[in-house]
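These notes open a run of structures that come right after.
The two complexes that follow have subunit A in common; it is paired with subunit B in the first and with subunit C in the second.
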Partner chain A sequence: MFELYFLFSFMIAGAIIAVTVKDLLSSVIAVGVTGLGVCLTFLVLKAPDLAITQLVVEVLCLIILIRATIRTDLPFATTGRWFFNTFITLAFIILFLGISYIALLDVPAFGYPIMKVARVYLEQGFIRTGAANLVSAVILDYRAYDTLGEATILFTAVMGVLAVIRKKGRKKIGEIEEGQDE
Partner chain B sequence: MNKEPKGMTLIVKTAARLTAGVILMYGIYIISHGHVSPGGGFAGGVIITLAFVLVILAFGKEFSMRKVSASIASSFESFGAIMFLAIALAGFLGGYFFLNFFINKGVPFTLFSAGIIPLCNIAISLKVGAGLFAVFAVLVMLKFTNGKDKG
Partner chain C sequence: MGVYILCLVLFSVGLYCMLRKRNIIKIIIGLIIAEYAVNLFIVLLGYRMEGRAPIYAANQEILNMVDPLPQALVLTSIVIGLAITALVVGIAMRIYERYGTFDITRINKLKG
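On to the complex of A and B.
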């Protein structure tokens, strides 16, 4: 349990640094630290499938974010009513923590879930699907409907990106003013 | 030797040339052994995408876009989605959605086992890998057009 708390504090520190640091590239790298902490947490909790997926997705996101942010250094809005902003932020954090503490009292203890459905998967998964990796037996046989939904989400997201950032059909620089008049 | 303005230095190009094939092979291994060892379609697809991203970053956009463009990647993604849905619909041969319709599921702990699960892994890897590569390629091309318009 000790290594989990160490990783959690590591990830929280990375997230705070990512929010507060001025340089945009350092912020992206601090976000990467948080993702690496998630990956190591999956490894400690004995979920290597999720760890591999988290690691490679984290690398791809880091590359895309660095490509997108390394040229354009966006300005930060640091002026303003800082006392009011800090007060409101702290109040909402305290409210959120209080409500979530009440809500989380009903959740079963960590690591001891009620295994009504999962026990059937563990006992019969190998015999009925023939897959040695039980995780893939669950996500592609028992819960394949969920995987189909997840694949649909990713398909829709990629389709949206390709539709927004497309080369054909975009207006040139000169035509933008005419388009805005209409 | 050949002084191309795009891309990184000769050291990066040589390292990318040596490692891109190995990364691609590792991704294919992760996909095809997804039902035996940790891994699966999603992780393997992203690893294959990273091999192509490495080639783009090292050799520049113009060299890479001649081989694989965003539209080709998009059609591969659609093919993967249709393949996954077709596997799901083929379960209706036996009765219900996503039925593992192979009677002989093969020997466990070997490559050819577990019925439709390897096929689903291949379909998901095509979809995820090609889709994420299409997003990356489109973002790279957007940077290129913006720079051209401004300059």
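On to the complex of A and C.
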């Protein structure tokens, strides 16, 4: 339990630094700290598959964000109504925390989940699917359609990114290709 | 209970960043932080005291396994989060090329 509290404090500190610092590149690096903290927390919570995936995703995310922030300006916007905007935002967040505290009272205590569905998976997963790793048994056998949907979303997002960041439109027939953009 | 509250505090930091900041990159960073917090919360709900990872192995002393279902679904969610981040950053880069700034108050030519 102690290491969970320590890691959470670490992540919250990283997130606050990422939010408050003015330099965009430092902010992106601080988000990387938070992501690696998430990766370690997954390891502590006995989820090694998630930790590996989170590490890969974190590195890719950092590369994408650095590509976006490098060679750009640092806008420093100070407008009027600073106090008003901050007050509204903080009031909304406090309201959110209060409502979620009431909702958390119904959640089972930490460390003692209900596991109504998962009990069947744990008892019969190896016999039915033959996979020693139950997480891969769930994503590739019991809920394979979810994985298919995930692949569809991933494909759509890649198509979207390619369509958005392409610099030139489609060439006409007979025109010479001038080299790739980016 | 205390761990859940800390997770919600992490989510609130991301929410504050999304609602309050004017830089598009800062808004994206808030989105990423909130997404991490939600993923962590779902995995925390499936943790079992003194459990071990849901992988079968011979001659184990601990018999309790943690819940594999939240882990499998969060695995999907993490990858989708990366795709969403890439798409949003692509749009932000296009906005920077068009307007020369990341400040959302100066992006005001959207009509027509």
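Note that in this section the second predicted complex is superposed on the first by the 164 of 182 C-alpha atoms of A that agree within 3 Å, B and C clash if a C-alpha of one lies under 4 Å from a C-alpha of the other, contacts with A are read in each partner's own complex, and residues count from 1 in each chain.
Following the convention adopted for this analysis, a contact is a pair of C-beta atoms (placed from the backbone, for glycine too) under 8 Å apart; a residue touches a chain by one contact, two chains touch by 3 or more.
Owing to the predicted nature of the structure, the values given are computational and were not obtained by experimental measurement.
Participant: State whether subunit B and subunit C clash or fit side by side on subunit A once the two structures are superposed.
Facilitator: fit
Participant: Now for A:41: first (subunit B), second (subunit C), both, or neither, which partner does it touch?
Facilitator: Touch partner of A:41: subunit C, not subunit B.
Participant: Just subunit B (first), just subunit C (second), both, or neither: which does A:135 touch?
Facilitator: A:135 contacts both subunit B and subunit C.
Participant: Give one of first, second, both or neither to describe whether A:165 is in contact with subunit B, with subunit C, with both, or with none.
Facilitator: Both partners.
Participant: Just checking: does A:145 make contact with subunit B only, subunit C only, both, or neither of them? Give me first, second, both or neither.
Facilitator: The answer is first: A:145 touches subunit B but not subunit C.
Participant: Does subunit B (first) or subunit C (second) touch A:33, or do both, or does neither?
Facilitator: Touch status of A:33: no partner.
Participant: Determine, under the contact definition given at the top, whether A:85 touches first (subunit B), second (subunit C), both, or neither.
Facilitator: A:85: touches subunit C, not subunit B.
Participant: Per the overlay, which chain contacts more subunit A residues, subunit B or subunit C?
Facilitator: C
Participant: Of the partners subunit B and subunit C, which touch A:62 in the superposed model: first, second, both, neither?
Facilitator: Touch partners of A:62: none, neither subunit B nor subunit C.
Participant: Please state the minimum Cα-Cα separation between subunit B and subunit C in the superposed model, rounded to the nearest whole Å.
Facilitator: Nearest C-alpha pair, subunit B versus subunit C: 7 Å apart.
Participant: Which parts of subunit A are touched by subunit B and by subunit C alike?
Facilitator: Residues common to the subunit A contacts of subunit C and of subunit B are 48-49, 53, 57, 60, 64, 67-68, 126, 132-133, 135, 137, 139, 147, 154, 157-158, 161, 165, listed in rising order.
Participant: Applying the document's contact rule, which stretches of subunit A touch subunit B when the two form their complex?
Facilitator: The touching residues are 48-49, 51-53, 56-57, 59-60, 63-64, 67-68, 71, 126, 128-133, 135-137, 139-141, 144-145, 147-148, 151-152, 154-155, 157-158, 161-162, 165-167, 173.
Participant: Can you check the complex and tell me which residues of subunit A touch subunit C?
Facilitator: 1, 4-5, 8-9, 11-12, 15-16, 18-19, 24, 27-28, 31, 34-35, 38, 41-42, 45-50, 53-54, 57, 60-61, 64-65, 67-69, 72-73, 75, 77, 79, 85-86, 89-90, 92-93, 96-97, 100-101, 104, 107, 109-113, 115, 117-118, 121-122, 125-126, 132-135, 137-139, 143, 146-147, 150, 153-154, 157-158, 160-161, 164-165
Participant: So in the complex, the part of subunit B that touches subunit A is made up of which residues?
Facilitator: Of all residues in subunit B, those touching subunit A are 30, 34-40, 42-43, 46-47, 49-50, 53, 57, 70, 74, 77, 81, 84-85, 88, 97-98, 100, 105-106, 108-109, 113-117, 120-121, 124, 127-128, 131-132, 134-136, 138-143, 145, 149.
Participant: Which bits of subunit C are touching subunit A when the two form their complex?
Facilitator: Against subunit A, subunit C makes touches at 1-10, 12-17, 19-23, 25-26, 28-30, 32-33, 36, 39-40, 43-49, 51-57, 65-69, 71-76, 78-87, 89-94, 96, 100-103, 105-106.
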